[in-house]
Amino acid sequence: MTDLYSGVLEFYARQMPLMEEGRIEEYADTFTEDGVFEHALGWRLEGREQLIEGTRSGLARYAGKALRHWHDRFTVDRRPDGALDVTYLAMVSLVDEQGQVTFEPSCTVRDVLVWSEEGAGGGRWRTRSRFLRHDTSDMSRVWEGRLTGRT
Amino acid sequence: MTDLYSGVLEFYARQMPLMEEGRIEEYADTFTEDGVFEHALGWRLEGREQLIEGTRSGLARYAGKALRHWHDRFTVDRRPDGALDVTYLAMVSLVDEQGQVTFEPSCTVRDVLVWSEEGAGGGRWRTRSRFLRHDTSDMSRVWEGRLTGRT
Amino acid sequence: MTDLYSGVLEFYARQMPLMEEGRIEEYADTFTEDGVFEHALGWRLEGREQLIEGTRSGLARYAGKALRHWHDRFTVDRRPDGALDVTYLAMVSLVDEQGQVTFEPSCTVRDVLVWSEEGAGGGRWRTRSRFLRHDTSDMSRVWEGRLTGRT
């Protein structure tokens, strides 16, 4: 488990279920204290308090559905200071109570991960910043559709 | 190819096509002799004979469709005895004769892999147990829908 | 980043966005000069000129949609001469202007990658051949459906 690339894949494998299962504080703890989550639409969450609030209200869109994040095509580049530039493709799947599967538009993500000794359990990667862009010009309309059940 | 994580990814890359292509005995051979396949719905297959029968009847649901298993978010933890705890996300895609694509609900899987010297070709990983939970409360209804063509 | 398997995953993570974003000459440059792209339907592109033309006309099918390639289940085997036999599962997702997501049939792909010192920037993997088979008997019908908006 010493390969850098594998370690990065496993970081996301552990980070994203925390969000999906509503363990929002544990999820926020996978970001640095000053971590930033930014969307190409213009909104920006900075620091764990905003991240927790923003994630909580984001999850409300999916009430009654099982939410999963799928990833592919990770690239990992180490900066001189040891931080990692990571890019990947992501897509959200939703399963409703009848077992019907739908997908949100694909998106591309750029993260910066830093090695952090903060907290218990020894060092580990944390997300210092995330920038996300969906492959559609109007993601807010997609989300509103979900909120009102029109999708 | 010495990285443990990569070796695990490749194990699934070789295991699952055997099932999809109906090479059921070869698929069963990727489990240990006493291997267990258990579903959160309550059913349980134990040993290769049950695994072969259960897989055969499971595949009958998909007659006329091309079945593929997609995976993501693998975590790999080595136990003191050398066995591996592996978790991942999975989803089945189906392509019908008109080229129409549908998906079964996402599921989470917990496997235990053990290194096995059994059989020809030197040591390799085998599945000792698999526990699968779909992200829907009533997967049997989804499967019945497929059987009767209602989905 | 020295693990062979990880290096192969990252190769595709960098190759496929070039095609999706219409950077066709850069995409063609990820193949060897005599690179071959062959489809089970019978068509065959050989060399960068054909690859560029064939990719350009292929992309025309997706005008107005965001195209993404998803991969899974990579196997990597090194040949005695150092070339790599790589197999994987792939699927194309499309997002239209309303944010609606559709998928093309899954396909299986067999590539041969070779280490190449050609061009600037030091050695890297390049695709010497790609053979692609969709999980449907009549992929041309699927593509025609897209072209005429019937899908």
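Observations on the structure shown:
All chains are identified by letter, namely A, B and C, in their written order; residue positions are counted from 1 within each chain.
Just so we're on the same page, a residue touches a chain if its C-beta (ideal position, glycine included) is under 8 Å from a C-beta of that chain, and two chains touch if they have at least 3 such contacts.
Chain identities (UniProt): A, B, C = Nuclear transport factor 2 family protein.
On a predicted model such as this, the values are computed, not experimentally measured, just so you know.
Viewed as a contact network, the protein chains are fully connected, with every chain touching every other.
Annotation: the chain B:chain C pair of sequence copies touches via predominantly different residues, less than half of the used numbers being shared.
Fitting chain A to chain B on CA positions gives a rotation angle of 120°, reported to the nearest 5. Averaging C-alpha coordinates per chain places the centre of chain B 27 Å away from that of chain C.
For chain A, residues touching at least two other chains, in rising order: 3, 6, 70, 72.
Of all residues in chain C, only 1-3, 6, 9-10, 12-14, 16-17, 66, 68-72, 93, 95, 97-99, 101 touch chain A in the complex they form.
The part of chain C that touches chain B in the complex is made up of residues 3-6, 70, 72-76, 87-89, 91, 102-106, 134-139, 141-142.
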